[in-house]
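Lettered A, B and C in written order, each chain numbered from 1.
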Amino acid sequence: MKTFKIGGVHPEENKLSAGQPIREAQLPKQAIFSMFQHIGAPANAVVKKGDQVKVGTLLGEAGGFVSAPIYSSVSGKVSKVDVALDASGLRRMAVTVDVEGDEWEESIDRSKDLIRLSDRPELDAKTIVEKIKTAGIVGMGGATFPTHVKLCPPPGKVAECVIVNAVECEPYLTADHSLMLAHPDEILVGLQLVMKAVGVTKGYIGIENNKPDAIQLMTEKAKQYPEIEVVPLKLKYPQGGEKQLIDAVIGRQVPAPPALPIDTGAIVQNVGTCFAIYEAVMKNKPLIDRVITVTGKSLKHPSNLLARLGTPFSQLIDECGGLPEDTGKVIGGGPMMGKALLSLDVPMTKGSSGLLIMNDKEAKRAEVDPCIRCAKCVGACPMGLEPYLLAKVSELRDWDAAEQEDITSCIECGSCQFTCPSHRPLLDYIRLGKSTVMGIIRSRVAK
Amino acid sequence: MSLILAIIALGAIGLIAALLLYFASRKFAVHEDERIGQVGAVLPQANCGGCGFPGCAGFAGACVKAADAGSLEGLLCPVGGQPVMEQVAEILGMAVEASAPKVAVVRCNGSCENRPRLVQFDGAPSCKVQQMIGMGETGCSYGCYGCGDCVAACQFDAIHINPETLLPEVDEEKCTACGACAKACPRQIIEVRLKGPKNRRMVVLCNNKDKGAIANKWCKASCIGCGKCVKVCEKFEAITLTKNLAYIDAEKCKLCRKCEEACPKGAIHAINMPPRKPKAETPSIPNTQSTPNAPTQNVEPSKAE
Amino acid sequence: MNKLIVSLSPHVHGGDSVQKNMYGVCIALLPAMLASFYFFGLGAVTVMLTSILACVFFEWAITKFVLKRQRLTILDGSAILTGMLLAFNLPSNLPLWIIILGALFAIGVGKMTFGGLGQNIFNPALAGRVFLLISFPVQMTTWPVSGEMTYLDAQTGATPLSLMQKAILEKDASILNDLPSSLDMLIGQTGGSLGEVSALLLLLGCIFMLCKKIITWHIPVSIIATVLVFAGLLHLANPIYANPLQVIFSGGLMLGACYMATDYVTSPMAPKGQLIYGVCIGLLTVIIRNWGAYPEGMSFAIIIMNAFTPLINNYCKPTRFGEVARKEAAK
């Protein structure tokens, strides 16, 4: 069975909500739409206090090419256009809507019928990309890179295949898994749309072998499309990383930065993104909701919720049995790469794939011992770096050495810190070093 | 005979070696600007690195380079201070402006009491690492993280975290105003300010640029940008309000302490000044410095919320 | 509810710890330790206990009184491991005071001078052993024969290694006939230091460590393979050099290859570097054994390569992701 070649770790899976069907979450009383839900330029709010909005009304327009518009996921009245705390832990511009009823824009097709690509022969690549761009779709695995940018390869680079990332290698999370079980046909049509948009004839769906039911179902459904192949992958973290997935599925490695994944001829899209693309192109529905896994060992009912964007996390937790007494940490995303939340009142965004509640015992980091140079981090690093060294030079602020040791190649997967027997905060320091070195490189290029 | 042979042989070897050395020294000679040596001679030669360069030789080289570029600004030997810099300027034919002594000031008064911790940070002890989780442990997006990057940056042991307030405190005796702490602070809280006459100065001990309502909500000692201090200082125009934050221009400030009285949040502090005499005729003004009290009716948050 | 904790990712940990690794090695050494008790009796027990207790004591005393650290590190298992390994390198009839001196050197000079766990350049146990070997060559090289159960007054005899060296010096291959068979050496029916007796049990412990992922295969395999090949070539060229199987089962080779050379702190970090390190140790061992002044070359070979570890780390980087692709693109 295929997998990526360098490093990797095996975190405990803890997929508590596996097998739970997707449940629709209740409408929030108040929804908060951050203008910073994607990588790139923030969206610019186009509504003002007192405006009436419907589900699907434009709230913020894209602030540039690498940006995405933001739509309202509820109907009601805009009560505030001001800074608000978001999941990143910063106070940034957001639109708050007080919910009244559930009125949708008429252009959205809310029927459940499957529309195949053959039903819409008039769709061409340009229209598809344009629709994706208008719908505000971003990478829904968590990176939130605007999808239309990915579908427009820079001049000189040619796409050869599309890979759907259905790996979901993060422990605890099952959002993509449940989405595949619920909407396999829609995902396949979404993949076809992406393939048509970039003009390729080969599509892969990479699924880790801890989801045999999804592999079976997708293989079954993909039989009708000879150009699509389901690739079962050996369980290993971080297989869901874009570079690792390309390596695992087609056996090509992306060279070090500034090379891009497209240099291998592959375009990677998340399962959730494919589903959103299907809805945007075929149903005219902008990105206003997504599946999110709400989970945790102390939580009463770990679930997969289909929730409207902008719903406060606290409400999602209430729907799954309420916040447990012994909560120590709440994480937006998975335990390996997610971000710890400063407050539970922040809203979910386009990139929120999970909400993990850890009890106080799990939450505390163990005491730090001295580095014993065991080289386990070197063995675990999927990028072939030396995390112990990068952390050391970053701690000593030797940025030149950090750059020389390829710190910018780090994908921040956390395998090194996960495996460190001395419990050293390796990734804390590597992140510090990486962001500083990136800044130095940017200012050097600017000169 | 053998004696003579030995002498001839050794002499020849010596001669050849001498010639080699002579040509090598000519060929590989490194030309160094002689001014670097001259500047180095007047430096303290403590090689402390407080100037930010690797030792005194590195600083001398930087001075010569800066002089060729036209200005010695920003270069200061913190140990030698002004007199040494004047000598350096003289050697390099530059005029050095007489600058008043400065000191680092921590512009945050968000102690544990004034600004309660909302969450607990668990990770590498560095402000810049904590910066990556967003606001930090408190509700203030501009205040001190309290992890001590400034302490680590200080070469002179002049800044320390107070374990009670979790804020850094500057030892004015030891501080050389080298600015290393100000550079290390990820939130630009530390400012290198004029020491002021008799070390007395008025400072806004807050860095919060949020709107008044938010600033007021999370910290008892924050500047809410109400502008009262600006009004009482109309005569000297020393106080300006930018982005909801008052700033006192140390050169214009006359130390009248009116702003201290006017500030409803006690964010303006009079440093190294004698305690005020209680004034019988103005009992309504609370002593804001000793009790940075909770917002009163005087507070006028800006209109945002 | 308490305050929420916030930290950067990852939020989970694999559960590995320094203690687990250190005690894992100790467990791997247990069978060989019991075997040494069986073959050398009271002497082995005395040496082992003295060495472990002395190492732990010095670690505690130095951390507490010299370095004045708050956190004591005696329970992390590294001092116990050093004590065990040091004892494995000593003959079972060594006087107590020499053992204690060796422990002091191992912990005091070999480890704590550099700052404690993780900072040392040389393997502390080996530093102690080499110190003793140079300071007390007579006591360190008179080994009791296997089966002697008493302590100081045990009967001593020649070890396989001294026989091998004698054969080379006297250019007489017939001396090698006195060697025990490869099988006997594998099981441990030979004289020598505590850890030189049972290659089989040491190998078993090594397999345990490999399964538990405490070490990787690179160092032990490269050392043993190199010795096998090099000694095999010599044996083919001239029969005065011993049979390669007898070479790898004799002396401290197995102990060194599996437990001493694989010491985390003093071995290279990247797999490529570990292979270079292992091959060099193998070559040096055979060279010192055959043509050096001491019959056993393993400790010196490892110590010498310990010194080269920073250099190896500097030049041997792991293969970066995408490096192959980058090179192909350059072509």
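Operating definition for what follows: a residue touches a chain if its C-beta (ideal position, glycine included) is under 8 Å from a C-beta of that chain, and two chains touch if they have at least 3 such contacts.
Values in this document were obtained by computation on a predicted structure and should not be read as measured data.
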| item | value |
| --- | --- |
| Chain separated most widely from subunit C, comparing mean CA positions | B |
| Identity of the most central chain, Cα criterion | A |
| Centroid distance [mean C-alpha coordinates] between subunit B and subunit A, Å | 41 |
| Cα-centroid distance, subunit A relative to subunit C, in whole angstrom | 48 |
| Where subunit B and subunit C are represented by their mean Cα positions, the distance between them in whole Å | 53 |
| Multi-chain contact sites of subunit A, meaning residues that touch two or more partners | 89, 339-340, 342-343, 363-365, 425, 428, 431 |
| Set of subunit B residues in contact with two or more other chains | 118-119, 122-123, 129, 132-133 |
| Shared interface positions of subunit C, touching two or more other chains | 4-8 |
| Sites on subunit B touched by subunit A in the complex | 118-119, 122-124, 126, 128-129, 132-135, 141, 210-211, 214, 304-305 |
| Footprint of subunit A on subunit C - complex, ascending | 1-2, 4-14, 16-18, 20-21, 76, 78, 116-119, 216, 264-265, 267-271, 274, 317-326, 329 |
| Residue numbers on subunit B that touch subunit C, as the complex places them | 117-123, 129, 132-133, 137 |
| Subunit B-touching residues of subunit C, taken from the complex the two chains share | 3-8 |
| Residue ranges of subunit A in contact with subunit B within the complex | 82-83, 85, 88-91, 339-340, 342-343, 363-365, 395, 425, 428-429, 431-432, 435-436 |
